[in-house]
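Scroll down for the structure; my scribbles are underneath it.
In this document, chain identifiers A, B, C and D correspond to the written order of the chains, with residue numbering beginning at 1 in each.
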Amino acid sequence: MELHELVQNVVNAISIGSIYALLALGLTLLFSIMDILFFAHGAMYMLGAYATYYFCTKFGWNYFVAIPLVILLIGTFGTLIEKGLFRPIRNDHVAIIFLGIALNWFLESAGFIVFGLRPKPVASAFPGKLQFLGSTISWERAVVVIIGMIAVFSLYFFLMRSRLGLGLRAFAEDPEAAELQGISNDHVCSLGFFIGCGLAALAGLLVAPIFIITPAMGSHAVLISLLVIGLGGLGSIPGALLSAFIIGSIESFGTAYLGANITWGLIFIFVVVFLTIRPTGILGVERE
Amino acid sequence: MKMQRGSYFRRIIWVGIVVGLVLISAGAYCGDVTEVEIGGITSLSGVAAPWGIGMNNVWQLAIDEINNGGKWWKKKGFTVNGKKYNWKLKTYDHAFDAGKAVSAANRLINRDRVKIIFAFDGGMIKAFQPISEKAKVITVAYASPGKDYINPKNFYTWMYGIDCMAAVIFYPWLEKNTDIRRIAILEPDHWTGHTTEAASRFGISKTKLEIVFDDFFPADMTDFYPILTRIIQKKPDLIDIGNVDPAARALIVKQARELGFKGPMYIITPDIANLKSVAGWENCEKLYFAPYDTQLTEGQKYVKDMYVKRFGEENWIGAISYIFWDYAFWLSEAIEKAGTFDTTTVCNVLEKMKLKSIYGEPAYFAGKGYYGINRMPLYPYNISQVQNGKLVQVISGAYATYLK
Amino acid sequence: MTKAAACHNGLPSAYLQKLNRQKRAPYGFLGIFFLLSMVPFICRNDYYVHVMIAIFYTVIYTSTYRFILRTGQFHFGAHAFIGIGAYASVLLVTRAGWSFWAAMPAAGIIAAVCALIVGFPILRLKGIYFAIITWGLGDTLRFVYMRFKNPFGGALGIFSIPGPNPITIPGVGVIDFSQKSHYYILALALMMLTLYVLYRLERSRIGLVFGAIREGDQLARAIGINIMNYKVLAFAVCSGLAAMGGSFYAHYTYYISPQDFTVLLTIYLAIYTVVGGQDSYFGAIVGTVVLSLAGEIFAGYSHYQLIMYSTFMIVVLLFLPQGLVSFPRYIARLFVGNSANEVKGKGNESALT
Amino acid sequence: MSQLSLKGVSKYFGGLAAIQNLDFEVKEGEIRGLIGPNGAGKTTVFNVITGELSPNAGEILYAGRLLNGLKTHQVAKLGIVRTYQLVTLFSGYSALENILVGFHSESRFSLLDLILGGRRSRATDIAQLDKAMEILAFMGLSAFADAQAENLPHGLQRKLGVAIALAARAKVLLLDEPLTGMNPSEAQDMIETIRQIRKEYGTTIILVEHNLQAVMELCEKITVINFGQKIAEGEPGQIKRDEKVIEAYIGKNAHAT
């Protein structure tokens, strides 16, 4: 194996890992704050991508103008969903998962009807490619790596350092105690959904130009995210990052040296065996 | 709640009785066939839905052409024993679920009493083939050809073979006319991908070309960087991504160019619009498109105009649309000739007919040498290449004579 | 103290009534079997018979799925064991030359043994982790089927699967599975068998223990119940039964491919279960029947079908947490003001004061 | 001879010792009280014995057998059954069914027999029903056999909890505050019942209880712990006079006020 191939594979791994990390970020955040698995995350990702398509490609707006708009739009939509659908059954975690699945399917099917069946391309805001030690990466992917990292770290520091973040974490540890300290349950949930869905939309924004968008993209994404956050340890942001890169590396090197159609089999086997040995994932902690 | 189990039990029995009665009455309702229906089974939802809907639209166009008459079908309806008939299309969705495909076939054959089914994708066709063959229902398979379902045992299954023909025409031509020697094949890991790969291998086996890479990728894959890295490392002269679905195919083109592959690629039934918008036309340089005509035949123009007028430009699925046009006419003609709807007779007539194909004439059924039965139409075949941003027809009017 | 004394002492025991009902249950099941087995001879249309067959094997999947769900495990890998059943039985028939009648139970046993083997390590996992790992297991198997063309047929699947071998039933004649009605009877028998086993597992002594584990696993442990054993038992038995359903499916459609056993299958089962009502024994059945029949209406376009399913599910989750089976009670409460259930509760209280 | 003995048992949570080097022995058929101020580690002792927590050091022996490392259900199978501080019942079940669940280990079922529901299985059902009614009668609960457990008054729920343990064939019964929340007459009734249990079944009983009066009345021997350590052990009269005990309780009271 020559050096530039190795470098290329590492670059591929980082690129895939960043995409997966970005996809999983919102999901793991919601889990860490509210202990729920929001299956419709995939649909939010899909809606974010379509919003980008409509703003940028259809209306011809500037990509950078679209970014905050899309995040705000989808985040608000998430908050509305939380208020209307999730709040009544907030304490039933299994019901929430089923509700998420139902919502995901609903939005996906409705997406096919509303947005049409054909995949839509989103023109890239970052054309061109970057050459690096004999390897190549397109700029749009490099941007995903950079913004993905920024998003992961700023979210991490938001949760760990900021007052609001500490409040959210206090809520995660003990909702009742947090309520007593004046942290409103309802506000935390709304905020959690806003950030979670906003992150899903961000993923849609950045990933959409790399791939093409279809209403079915969400289900695929949410399953991958599930795998990522499961392996990383539910609710752990560093864990999700780590496992995204592990899965990215297996996918990159496995595909390059073993074949594309067995790599995903290997990833599944790896996750199954790992979770059997360590039932809480890489960095997960046992929860009640 | 616990105390109420008894009443639940009774309620369930009631529900059972009611459901039974509904089914019985519905069963009694299915009476005589008053309209001649053609069944369709395709993917109207899910990932492959654009194709499924597109082909359903073309079927509809063809059937409307027969019913109302037009430039292609000059009379109205078709006549059997002096009586006029019209077709009616009834399509069900299989969403790439074999169970649903079987249900759809059962519905069409046993409830709607169709004699002809147009169906998409070999995997699904194989799932319901035992039913359709047993019921002697003519199945037209729009799918990659495979000996496992096109064979003398399956008398009523017909197909529109595009990939196999393309491979046996394309690769010998490639050997003779270019200095391309190293071929990489990349196909999705599902039924169509596998059969197309087999067809390409068959075509290449007739030449001295070398296969340097041959792999399948999971059907839902969107990031092709790793596998393209691997392919490019093998230094192929041409990448055969024959039957990858349009979305993934455009991504492959785009990502391969990003990774620095400059050579040609080979694509069957391209969706030019999609390639242009996703991959960019400048990235499509040197691509081979099969079958693709720089000059559309009159029939193709006619169908495309009609389609765009009725269903809109954005729903046009590209060159693949044409293959869904012909069979409705061939079958109507065969039924007229046979003078009966009896499918065995119709099959025998159809096999020997001279066909008028949208790709040009003459067309006729062949395939005995490969499948043991003539179930595949041969017609003149064109392959084009993008040269300096323009489509140039490099092969014109070829016949896949290997398969005779 | 004797039985007589016990009855004197207490009220006529509701539990005794339950036991008596259990004693009568086999006749009930047989009765329903005979009643339903008439259908293909009255409605001779193969399409409706097919719909019923599809409902029957789906009921097998759904009700076993529900039972595992009820042991507190968020199961996401039903497709794994259904797939094992289908593939095992097909390979036994086509490769080893077994008769279908031996292969189907063998497939069930193979799947049950697989569930037993993986059960002990993975049933320790809770909640989402269990979901992820069972889903991963199913998809791992899918990749195994895809990867190994021999013997699994790869992505193309296995086709031309023979139907069940003909059998002769004295007094009835030869059943050679040339007609849908023969399959109908087989599917019905299989479903009734599954439902009976699950009925016993839920309503008998052992069902009492399963319920106890659900009601309070701490207490259950403290009185010596080995929760893991029971969970593994349920997992294995249900997986085995579902696998027999899978075996039937394979020999009924004559064609299987890895595509048939994806997580989507399990998601459908989850939807049927939730919509029907996961707390009730009949929930899975009602959910499957109602949604399958409703799904037929939208057979033309799956998008509408999915919209209908998901709307159903959202409505049920928000307004009918007990599922469709509780709908009559819900309506009754709307009109009467208080349900029979509440009356019962009050009765108990008054008896105590 | 001692039936259950703890030797040098310690349990730490983080750096904090919940129990430290605790020794005590219980004779067969004894009613033993385990008292101490709040947070003294009484419930932890139960948790350690039943295997819900594993001790950091020391040995727990039951009839000469080492219990360390056994899981809760295994310990329970050996005959050490506990009740919980808060009422825990299978609340959706009737009282009778609660008892029947306790029998589960007794019925050595064959799965096939159970699934087919054959005659043998039915015979066991009836036999168990009889035995359950017996236990209910013994506990004075037979009138409530069909009542749903969660609808019973508090006192009876507590009794039912003990009855479940009896059904699980407890040889050593660990009762965690069985009298909490009871009015005096209910408490008296419970005390009577505990005595009856010992008399009828010969069960060894260990009792954690805050109601000191009741403990003094009921127990033959009392162990007092504070901060996870044994500070006194002896007969009720002895304990009442023990200075350390008085100090522990008064100190605690002083602290509380």
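Definition applied: contacts are C-beta pairs under 8 Å (C-beta built on N, C-alpha and C of every residue); 3 or more make two chains touch, one makes a residue touch a chain.
Since we're looking at a predicted model, the values are computed, not measured.
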| item | value |
| --- | --- |
| Chain whose averaged C-alpha position falls nearest the assembly-wide average | C |
| Farthest chain relative to chain B (centres taken as mean CA coordinates) | D |
| Interface with more contacting C-beta pairs, comparing A-C to B-C | B-C |
| Separation of chain A from chain C, taking each centre as the mean of its C-alpha atoms, in whole Å | 34 |
| Distance from chain B to chain A - Cα centre to Cα centre, in angstrom | 36 |
| Centroid distance [mean C-alpha coordinates] between chain D and chain B, Å | 73 |
| Shared-contact residues (touching 2 or more other chains) in chain C | 14, 146, 155, 302-303, 306 |
| Overlap residues in chain A, where contacts from two or more other chains coincide | 109, 112, 261, 264 |
| For chain D, residues contacting two or more additional chains | 92-94, 148 |
| List of chain D residues in touch with chain C within their complex | 50, 52, 71-74, 76-77, 81-84, 88-94, 96-97, 100-102, 104-105, 107, 109, 111, 114-117, 121-122, 124-126, 128-130, 133-134, 136-137, 142-148, 151-153, 164-165, 167-168 |
| Of all residues in chain C, those that touch chain D in their complex | 1-3, 5-6, 9-11, 13-16, 19, 22-23, 25-26, 196-197, 200-201, 204-206, 208-209, 211-212, 215-216, 218-227, 233, 237, 345, 348-349, 351-352 |
| Footprint of chain A on chain B - complex, ascending | 45-47, 49-50, 53, 189, 215-218, 220-223, 225-227, 229-230, 233, 246-247, 250-251, 258-260, 274, 277-278, 314-315 |
| Chain C - residues contacting chain A, complex | 74, 121-122, 124-129, 131-133, 135-137, 139-140, 143-144, 146-147, 155, 263, 267, 270-271, 274, 302-304, 306-307, 309-311, 313-314, 317-318, 321 |
| Contacting residues of chain A [partner chain B, same complex] | 5, 8-9, 12, 15-16, 19, 109, 112, 116-119, 121, 129, 136-138, 210-212, 214, 216-217, 220, 251-257, 259-261, 263-264 |
